[in-house]
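Letters A, B and C mark the chains in the order given here, with residues in each chain numbered from 1 onward.
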Amino acid sequence: MSNIHETAVVSALSNVHPTVKIGAYSVINEHVKIGEDSIIESFCEIGIKNSLNKSDQLTIGPRSLIRSHSVIYSGSVFERNLETGHHVTLRENIKAGVNLRVGSYSDLQGDLFIGDYTRIHSNVHISKHSSIGNFVFIFPFCVFTNDPIPPSELVRACTVSDYAVIASSATLLPGVNIGQHAFVGAGSTVTTDVNEYSLVVGTPAKKIKDVREIKIPGEPEVPAYPWKSRFNRGFTDEAIKILLQTEV
Amino acid sequence: MSNIHETAVVSALSNVHPTVKIGAYSVINEHVKIGEDSIIESFCEIGIKNSLNKSDQLTIGPRSLIRSHSVIYSGSVFERNLETGHHVTLRENIKAGVNLRVGSYSDLQGDLFIGDYTRIHSNVHISKHSSIGNFVFIFPFCVFTNDPIPPSELVRACTVSDYAVIASSATLLPGVNIGQHAFVGAGSTVTTDVNEYSLVVGTPAKKIKDVREIKIPGEPEVPAYPWKSRFNRGFTDEAIKILLQTEV
Amino acid sequence: MSNIHETAVVSALSNVHPTVKIGAYSVINEHVKIGEDSIIESFCEIGIKNSLNKSDQLTIGPRSLIRSHSVIYSGSVFERNLETGHHVTLRENIKAGVNLRVGSYSDLQGDLFIGDYTRIHSNVHISKHSSIGNFVFIFPFCVFTNDPIPPSELVRACTVSDYAVIASSATLLPGVNIGQHAFVGAGSTVTTDVNEYSLVVGTPAKKIKDVREIKIPGEPEVPAYPWKSRFNRGFTDEAIKILLQTEV
């Protein structure tokens, strides 16, 4: 138990692997399962229950890293290698694949499906019932919405397909679908669906070109997108193998 | 005292009702009054004093819920049923009516007047001296500004009238007044006053129609606004009675 | 040691001046130097090490104020009179001059150079390798980006020159340079360099006038910019002396 700081409060009804490190003043509630070699930093509260939890369990896979001041609700399953920034809020009923990264201050509002190897940067707000694919990149201050006539009981959630990129400060209006390999420019407000391989920018966002026409700066012959053939920083060997598979 | 976690630090000069629950590691400073059946979650600091406080008292009404990692300054009065998300900052000299909701990460900068039954979602920034009416909805990442020639000593604060809706990621420029039942579209930058019942969108925001022309999706005969005749989730019986009053 | 709350965890290998006050539940790690008369409020973690730290030291100058729930990494030097809001994240390898202010929830991502007397308000996101001059004002929800073809290994960081003003919710695209005394309007998306003394607004931001043509509201004869001749709230005598120097 020497991995657990003496000021941490760990429920006897939790299931924390003996290799897990827990920082000062963190609280681990009952029915929380944390896999081997994970780290929970200081000032976190893990396993918050509320009336919306579909399950009273929370599963955080092996080799995860939860940075300080983060809050994670019960009712979710995060597969191995979850990594969060500081001050993150992850609400109930999230099903997330392997190696999800969530940046500081991001707020995942719950009832979400997220694929494998997706990276959500800082200050991103994902509204309830959104669905996000594999290898998606969402940059700081993006906001997903889901209510077509706010306030209402209607939910028109957004979907984002594999390999799509949503640049900083973009806002997705309710029910928008972002296609595979699409790119949403920084500061855009997306009001309609974005086709695969489309680059859209502006308010409202309009298609200005195919992403395959974008070149690497200084290398006018080399297409920059799809990005999967040229970028793999921080991905595991297994992920890189997937990235480099030729598409059918 | 069994409602107070053993690690909480509660000033002997506070006035916390015996039914209040206080979570792990929270700090309640002197001259804080918390009404019956309220819950203060973990890692909060309640009752911070600074040189700007008009009063050294802080009043949080009965049946309030303050979620974890929140910070509330002295000098404010929140009536019953205040509910906050996580990581909220509520500064000094706020006068708020009943049943205010403030979402995670929102930052109310102080010297504010807020009416009854208003809902401020996550990551909203309300600048000093703003005035917000009753039954107002402000969605995530909205920013209110107040300085017409920044940086300056001038204050031109924004006002929002009853039943108005400000959708996600909207920015209000200094001194803008939003009329009753108006609707500001997501991602808009509002540079001039918005008349009652107007729908404005864009940067700069322009009126595109009367809100009463917006229909419920799939129900082309049914007007969606004013919303008060069709939405009441989470409101008390008393609030619903007000919502359903016919206007004169 | 009576300035240090009994629940604070202060490393024996830190170098905290005896006059420093440390609040409840804060953690000060090893190799942290904090100068005289500074205050660290509650729930902070100061001196986080990671593999990106260029140094394992952190220096916080005299008379600094770090508000609650803030996180500061090792590898940075902040000169005297640093002042932060709540829930701030300051990452590794920042070199900041005197009297830097950073508002609540702001996230300085590291590898930064920041001059003297600069004020970064709430919820600002500064991406890695940005460079910010002296007496710069950056208002809430501004986002600096640095990757021209995200995701990539390329870094095209932004620079902001002395006395520039970036109003709320502005987004700077990768590699943008903001000239001295320039003004970026609220809600703008800046896609190209901004010349000195230019006022730019919109998405994409376009120059609409010279800042020296902007007048003080109600005083049509009095130019509002450069602001340095008319605003000095909160600055020290030394700073005011610099502000009032006539330019050559």
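Operating definition for what follows: a contact is a pair of C-beta atoms (placed from the backbone, for glycine too) under 8 Å apart; a residue touches a chain by one contact, two chains touch by 3 or more.
The structure displayed is predicted, hence computed values, not measured ones.
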Chain copies touching (chain B, chain C) - same or different residues, decided at half shared: different
Rotation in the CA alignment of chain A with chain B, degrees, nearest 5: 120
Where chain B and chain C are represented by their mean Cα positions, the distance between them in whole Å: 27
Junction residues of chain A - those touching two or more other chains: 25, 43, 69, 87, 105, 123, 141, 169, 203
Sites on chain C touched by chain A in the complex: 9, 25, 27, 43, 45, 48, 69, 71, 87, 89, 105, 107, 123, 125, 127, 141, 143, 145, 148-154, 156, 169, 171, 173, 189, 203
Residue ranges of chain A touching chain C (in the complex, touch as defined): 7, 24-25, 41-43, 68-69, 85-87, 104-105, 119, 122-123, 137, 139-141, 165, 167-169, 186-187, 202-203, 214, 216-217, 224-225, 227, 230-231, 233
